[in-house]
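Take a look at the structures listed below.
Paired with subunit B in one complex and with subunit C in the other, subunit A is shared by the two complexes that follow.
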Partner chain A sequence: MNRRRQSLILGAAAIVLTALLPVSGVNDYIVAVAVRMLIFIALGQAWNVVAGIGGLLSLGHGVFLGLGCYATGILFNDYGLPPWLGVWVGALLSLAIALVMGTMTLRMRGVFFALATIAVSLALDQLARHYVDLTGGDNGLALKFLGNSLWFMQSRRPMPFLYAALVFVVAYYWITRWILASRFGLEMRAVRDDETAAAAAGVPVFRTKLLGLLVSAVMTSVAGTLYMQSYQAIDPETAFGLSQAIQLQLPALIGGLGTSWGPIVGGAVMILLSEGTNLGSTKLGIAGVDILVYGLLLLAVVMYAPKGIMGLFNTRARARSES
Partner chain B sequence: MSDAAALEVTHIAKRFGGLVALRDVSFRVAEGEVMGLIGPNGAGKSTLFEIVSGNLPPSGGRVAFFGRDCTADPPHVRRRAGLCRSFQKVRLFETMSVGENIAVAARQCLPPDKDWRAEVTSILERMRLTPQADRLPSEITLADRKKVEIGRAIAGYCRVLMLDESLSGLTHDEAEELIGEILALNRDTGITVIVVEHVLSVLAKMVKRLVVLHNATVIADGTPSEIAHDPVVIEAYLGTKASVLR
Partner chain C sequence: MSGFDTAMVPVLQAVLSGVLVGGVYGLLSIGLSLAFGVMRIVNFAHGDLVMYGMYVGVVASAALGIDPLLALPASFLIMAVLGLAQYQFVFRRFVGATTLNQLLAAIGLGLALQMVAQLVFGVDARSATSMFAGSYDLVGPFFFARAQIVAFVVALIATVAVELLLRRTQWGKSVRAVADNIEAAEIVGLRSQRINLGAFALSCGLAGIAGTIMVTYYPTDPTKGFALMPIAIIATTIGGLGSITGAFLGGIFCGVVQQSTAMLWNSALQDVPLYVLLLVFIAFRPTGLFGGRSE
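Moving on to the complex of A and B:
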């Protein structure tokens, strides 16, 4: 069986299993964990486009998550605009911020872009804390609950979000596959490997990097709307904080940067470990063990599997095919 | 064949702060010519290469490609116009296969009505890299890596090929084979070739004309034999006449 076929069968099985979760008799807590997992997979898939395929280390990608959450929330609470429309306002804002940030930093080499993403996320964190009337300040913004409604994307139970998040993950998987197979994907990979050589091969380096950032920013922001509707609240730390920024990166880092399956596998491992250790830490009465596990996991990946879990699979498959 | 030179650099200068890397460098390369550029380490060869390919802006002067001033064009625009190059230290896309390395340039530079897959196949065959097509650059020899880089440089559309010390690090046989392939490329396709080396004996086998850079400026321009007997070149660079063309 070739790898493409294996991948399709595995994917279909994962989709069916996830879709059947709510009717399998498990409680809402398990479904909520699955929703969290799928949302972080989608956010990881979005980050994977700019960092994994494009090689641009965006350390403050929470900016776009936060813009998606706050735009949807503020427009809904203050103006009654449903998230179906608010999502596009968030996406446009993210596009604008990414365009400004990218135009200013992507012509330079080195750490400027990474630093700029941190600077923007710190600035937005301060703005979100300062404009209390609009954003709720330090306490954050809670969505007004108007009852179960598809139009307002609201539900007391997590099941609808499970299907919505599943659609996101599948759609983002296909977007990643499309990018990897396209001329644009080839350009991004070339730029990631060597900018000078890419330019010498005819690749417009700046345009390629900027386009990669814009695509990733919009994907993150749109997934941010789902995050907002699912959690019903957002605060500056959750949107723009360092911890969140790291969580956005972990699925792709653990699973395998620049691959279509990496963020899916990595996101699943990350959330399962987080929930497991959270449960353990609650029982033991030690808070914050999950954060410690994230750190150790990242360290283990960097040391023993720099290409992530998918990298281990790919190396083994390559060795098998050669032998 | 057009009247304009394939490549013409005029009064090129480059300063890095107080350091003068190039001073009033001018020469023309005719279409279809195989020209060598030599000079000792620090003469300014690589700086000139970077300026011609668009990676460094000159402090003064202009670069014209088939009569069109391209001094302000970014590297990818020059490449798409057919001004192609290799690097002194081979720079391949290390996470991509040999075929994908060539495909990057083929998909950028080939006219839209042409099939890039056919172009990649043709380049792989020309460079004798077909068996290595699916391998990663880290899995092939240095000689093959250099061939991949040249293949990537000519993929799609190439009118002038600039090779920066492409023969260095190769065994005698590998260098001979690569020289043969470069000359065949020039003969079969009419691509103009500019070769940078610092060993005159290597270049003498390939080129009919040499430009010598020394201390940031051109000190001689002529056939390999003329260069080997030029007292200025001997004084500045070669040392003794007898050892030159060996």
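Moving on to the complex of A and C:
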């Protein structure tokens, strides 16, 4: 059986199993965990485009998540605009910020881009905390709940969001596949692997990097709207804080940077681990252990398995075919 | 108050306080700049060693009854040893290029250090009392906290000492040689790993000094390390990545911008202009004000 068919069958099975989850009689808590998992997979898929395929370390992708959340939430609460429209405002804002940030920093070495992404997320953090009338300040912004409604994307139970998030993950998977197979994806990987050689081969280096950032920013922001609808609240720490930034990076890192399956596998592992540690630490009465787990995971992955879980698979498959 | 307009007093007060605060930002930054200049390592865990340095001051004053100022040498040594361990176990393999994996490893390490501090010291803010706590000096219409003046002097001495060490000693020469061209340095017989190890330990020791001096006027908690990193990064970039004097002056620059913003605009948004400045510097002057490494 070739790998393409293998991954098709695996994918179909995963989709069917997820879709059947609500009718299998499990409680809403399990469904909510599955929603969280799918949302973080989608966010990880978005980050994977800029960092995995493009090699640009964005440490502040919370910026685009936050803009998606805040734009949808503020427009709905203050102006009654449904998220179906708010999502595009958030995406446009993210596009604008990514354009400014990218234009200012992507001509330089990668470390400057990484530093700039931190600066932008910290700036938005301070602004969001300060302009209380608009954002709700430190306490954050809670969506007004109007009852179950498709038009306002609201539901008391998590089930509808499971299907919405599943659609996101499948769509983002195909976008990733399409990018990897396209000329654009090839150019991004060329720039990632050797900028000088790519430039010498005629790849427009700066434009390629910028385009990768824009695509990833819009993907993150659109998924941010789903995040907002499903959690119904956002605050500066959740949007722009460090642990959120790391949660956006871990799925692709654990699963395998730059691969189409990496963020999916990695996101599932990350959420299971985080749920597990949360359960364990509440029992033991220690707070914040998930931060330690994230830190050690980050360290372990980059030092011992920089190609993630998919990398382990691939080396084993290669070893088998060679022997 | 003859001589100048009284309306200028708050502005000048902001600038002068900014210089004092900024000197310590400079001290936070020179270690960071040293590690980058020599090994191309951006150590996001640097702030966490500063935070540990702050706890050294807390432990010295609260548990041992020693003034934090007298604990400075101990703090330097402890953080230098921690730095040796960090280098051996984590950063050794990342020397020579700032890669995605290096940045992530440093962040992971920082999170782990933060969590350990939380388990050992708890989440509550702690402070240390030094002999200068609570005393203020009036100079004309201006007032200064004495602890901050002392901290500024320590920062200045440390910066000058590191510059002299790098420029005037044989060891400093070999560090600069390894930084400039690691292969050529090895050909002439320098042992680059050992030299890098020393430079990294020095960088971490400086973080310890910065923390212990800071805790004499600024309370600490386990998240302080990451909270201090942005300003250290901005100061280092504005001063020129890799430059020691540049990082110190960059710190003063940041302090002045921050305090002036707080005084003249809004203290809740005191760091926003710094973040904008970082972007502007990256776009238009990536070598910083004092010409660091830009390649």
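Everything below uses one rule, namely that the second predicted complex is superposed on the first by the 322 of 323 C-alpha atoms of A that agree within 3 Å, B and C clash if a C-alpha of one lies under 4 Å from a C-alpha of the other, contacts with A are read in each partner's own complex, and residues count from 1 in each chain.
Just so it is clear, a contact is a pair of C-beta atoms (placed from the backbone, for glycine too) under 8 Å apart; a residue touches a chain by one contact, two chains touch by 3 or more.
Keep in mind the model is a prediction, meaning the values are calculated, not measured.
Once the two complexes are overlaid on the shared chain, A:204 sits against subunit B while remaining clear of subunit C. By the touch criterion defined above, A:157 lies against neither subunit B nor subunit C after alignment on the C-alpha atoms of chain A. Residue by residue along subunit A, subunit B and subunit C are tallied for touches, and C comes out ahead. Of the two partner chains, subunit C is the only one touched by A:109; subunit B is not. In the superposition on chain A, A:295 contacts subunit C only, with no contact to subunit B.
Listing the residues of subunit A that touch subunit C in their complex gives 51, 55, 57, 59, 101, 103-105, 107-112, 114-116, 118-120, 122-123, 126-127, 129-130, 242, 246, 249, 253, 286-289, 291-292, 294-303, 306. The residues of subunit C lying in touch with subunit A in their complex are 42, 90, 93, 98, 100-101, 103-105, 107-112, 114-116, 118-119, 123, 226, 230, 233-234, 237, 266, 268-269, 271-272, 274-276, 278-280, 282-283, 286, 294-295. Of all residues in subunit B, those touching subunit A in their complex are 53-55, 74-76, 79-80, 84-85, 87, 91-96, 100, 103-105, 107-109, 152-153, 155-156.
For subunit A in complex with subunit B, the residues that touch the partner chain are 183, 186-187, 189-190, 192-194, 196-205, 258.
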